[in-house]
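The chains carry the letters A, B, C, D and E, assigned in the order they are written, with residues numbered from 1 in each.
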């Protein structure tokens, strides 16, 4: 057995790099611009003709649109985002899904692929047996289909890559740490697969053998996963938590680099503060080298 | 009689019996349910009694403690009765603080102790202004099937008659009380009241010893308590329909005979347990 | 409390402060991982924790859902060991319920609730150590926690207490001053616009004295605002450096 | 109760992992998470400690107040426990939501100390029958990720270690009355012997094996757990089966065995750490909440 | 203290007369017998020697099911109500029924008078009772419903929790609640190297006074007898770990001793119920 007990260590001061000054950082109440030509995006409000920040974060300009991206927030879903979520309620013709958003998301019965193919019509029986497909507590991967006026997300799983998730591990981080990429599904080289939900929910699972059957179905295999696969998944999980603790953006490369840096350490030791610091440092270094 | 009738139209069901001068459980209108008594079965109590009237079961345990006498009556002790109707005894009672019925019953018993003069409070004083007994009379209903008060009164009386208190002396030097648990003395129970309860159906028909169902269907209930001198100690009629003086007189005379029956029962049971002590 | 000199002849207070001087303020954001936002603040010996959950789906009875804005739900409580004499219950007493209500009112004025219809935002504050100005410390801590959670607000909400002793307004009262002066004003301010989010006065104060006390309290809130601003900017910079690619 | 929801497949994954002695976070079945312990974190208490075990975060404050000894034990002081499951830890605990869990934990703490050797309560007596110290041990739950009892017991032990009770000088006046004088010299104080204070080990049965220090997710897979309070000598001061399931006798024996082994092993590093912290004294920068 | 207006006024403070008995040994009322000697009531130490048990079902006519049990002087009454609609609607787990337990000591059931308000000891016992019984019940058969178990201790002479468990499971059977198995309870008092099974109150509280040796404590086990599973385990005091295991074994054995008595009472009750009304019961 292992008991690792120690005194807490004082946080290290973050060295202030000069490059940070390039970023336009604002706090709530800061006036971003008095120029009336800009459009007001999220994280801002108009205070007597002045575009003012309402959250603490970095100012982002896309053409005429000004937003402030907070450091940490609930998931602000946009159409096309990939999410991982948990069913909280089965209602008439729809499921409620917890996706770390400000309101529970909605998955309509008409937005899922039911067994039997794309063109099958939804019948009354389907409504009655909704719980057979997805019940409270089940995890799914899905895509944001639309955003309701109150901000709630409507999801769909109408693609083979989405659907009910089987055996694996869920890691929850802040959505702002998940880097937007073309694809959020990766079969990592280290031997496991990852779904990096835009909502900060990350799913780690053994790389499926046959791509066609596994995903998108409602049948989940409860066969034991090999110890080797488990080791990879557990290591990845701890690496992701280490990266998140040090606020490193998460995407396939950063996760993989961290995984590799962690190799000299036992899986269970990764979460010790000094080990975390060491492997994250190494990961950062490698990421910088790659960019440079 | 079909069981459906009984549940669908309980009042009509009962009336159909009362018309024939009898009751669904086979009793006559003036007949009490079998009353049994068990005295002194709880050894942790200073006195105890278990009473069953039909299904209704009530247990009374007396616990004596020591306290400073009340400032306005330094030569008296305390008697603290409490009637508890725990959720165990019927689905009609909820856990938590005592409900209305339990409060009313407690108050009834407390008033009766005073009005009937069952125990002289002076007898409970050990040293005036310094020390006296507190008699906690905890009455718990274990099975509620009507006529709670009659059962409570019998249980209280039998438990008090069964109670034995240890001898207490006050040490002259330390001025502290000393209790000798080897020397026990019985309480001086001066009066022995017994209650009889009645239910009134349709404002006219009077039945004795109502069951829980009869209580809930009746238009009024009355409890009459008399003592061995045939004096009326308490008459309790919580609202309900009126009752003619004549009927009331009938009730009182029925109560007097009931008193004799119950007294005999208590005395027999007390006698039967005496030799063992 | 008659024997206690709250203000010396030289114009210094019990703890050596000048009348308009704040106690030392130290704060940190993001101290818990599980909550959406969290913060800790020390104002002198008064120490408070604030935790924010949400915005999220309305919990419990759906009837409290508001269709045009978010519900702000606050709970104020005190650690049982926070006071000189141990408290029997952390919350549920009248004082805490009143404080919870004040917090709710304060933050309803600051948070842009209309952005989150049908949601709920929970703000839980806890006094770990109480030495006067509990309400102020809670508001300040909650402000930081709300910012940490990335919830849009109009401006910081800064709170400070003030009292009036020997014709002098005192700010940021400690416990002895709070009980001794007989007058305490709690003010919550949105400093940039100068809007008052909450003003609470518990004792009698001559009308003529209200202005100077308010003036002092507002100044104090503004300087507190600067301190909070520093904390937020520092935090912002640190995190954005780490996240930067 | 602070619980998490997980689905069947996740449960199966966790259970198979336990079977293979590789838990989700890489730990073996009898490994604890990384723990951080610090004492003297709340300055207006007589003793305090904060323990972090993974994401579980617990603060304990102890206040000594003068009271009357209990009539049946006139020559001892006593401990009072209170556990505040505050809404800080989870919104479920808002209002009265945490009370049930809080009273469950505090009743276990009472039981754990209900023996003669855990703590010498006679040391808390000032004047028999008249005055004694009452130690109010207040536990505040800051964050909750499973295994609250183990973390709480460690925090309580650490806080008791750091407790300093002012000395009381009793003098008798002419009429035989006693006068108490509480020393105001911070160094003139009494410390408690905490060597024998037990720690709790919670063993959660998952599948056919059991694990220590279960996270909330793991706890959701467990039907029954055994709580064992163990002293550094390996004596058991409290055992409880909790949860809706039953246990077969053999696994109870195994779990008691593990509990004793693990429990004994908890004490040494804890005492070492507490002493180390004490030796460092003011040289060490307090971390607290600001660090 | 606020005045409780719902009850008859009692003096603010009153004391148990036992506190005034001179030279009272601390804590207990009687001392435990010498280790090598037999127990006060003649039973053997370190033997699975339970007190004679009287058990009977169906005494509370108003309840769905009930049971009364006596073991030595310990007297426990239990009534079961339900399954009826659950009071707590907010519960997330509506797929299975809820088991609600209430545990009370009658005020006169202990040497020292108890109060009217439920104490922490009673709450703990209720909790322990609930955890011991739950594994025996098929609660999934009663979704959205609750089963209420009310236990009242009429006289406390040791091993109360254990007998409450047994009594409650009999009442549950009497109420017709579906169960995987009975739940039987047995308690044990460890006194140094020997143990006292099914201890009396004096034996339970004894060791605290004479404290020379260690290994003192109480253990209560709840057992599902035909499945051989332990559904409840409570131990307090200070025990060597091997004593814990040995105590669990002895208690399990004790439960098995109770099993035939309990079965007989249940069979008797079942027969009585099955008999058509009016038939003589005394056969």
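As a working rule, contacts are C-beta pairs under 8 Å (C-beta built on N, C-alpha and C of every residue); 3 or more make two chains touch, one makes a residue touch a chain.
Each chain and its UniProt protein: A = Exosome complex component RRP4; B = Exosome complex component RRP43; C = Exosome complex component RRP41; D = Exosome component 7; E = Exosome complex component MTR3.
Keep in mind that this is a model prediction, so the values were computed, not measured.
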item: Chains contacting each of chain D and chain E, listed by label; value: none
item: Chain whose Cα centroid lies at the greatest distance from that of chain C; value: B
item: Most central chain, judged by mean C-alpha position against the global CA mean; value: D
item: Chain C and chain E: spacing of chain centres that average the CA atoms, whole Å; value: 51
item: Chain C-chain D separation of Cα centroids, rounded to whole Å; value: 32
item: Distance from chain B to chain A - Cα centre to Cα centre, in angstrom; value: 70
item: Multi-chain contact residues (two or more partners), chain D; value: 5
item: Residues of chain E touching at least two other chains; value: 15
item: Chains touching one another, given as label pairs in label order; value: A-C, A-D, B-E, C-D, D-E
item: Chain A to chain C touching residues, read off their complex; value: 14-17, 19-20, 23, 25, 27-29, 42-43, 45, 47, 54-58, 70-74, 102-104, 150-152, 176-177, 245-249, 287, 291
item: Partner chain E, residues of chain B touching it in the complex; value: 41-45, 48, 55, 57, 59, 61-68, 70, 78, 80-82, 84, 86-91, 95, 97-98, 103, 106-107, 110, 134, 136, 138, 140, 142-145, 166, 168, 176-181, 212
item: Residue numbers on chain C that touch chain D, as the complex places them; value: 26-28, 31-35, 40, 42, 45, 47, 49, 51, 53, 59, 73, 75, 77, 79-86, 90, 92, 122, 124, 126, 128-129, 131
item: Chain E residues touching chain B - in the complex, by the definition given at the top; value: 4, 6-11, 13-18, 20-22, 59-63, 73, 75, 77-79, 81, 84, 102, 104, 106-111, 113, 116, 148, 150-152, 154-157
item: Of chain C, residues touching chain A in the complex; value: 30, 33, 36-37, 54-57, 67, 70, 112, 115-119, 147-156, 190-193, 229, 232-233, 235-245
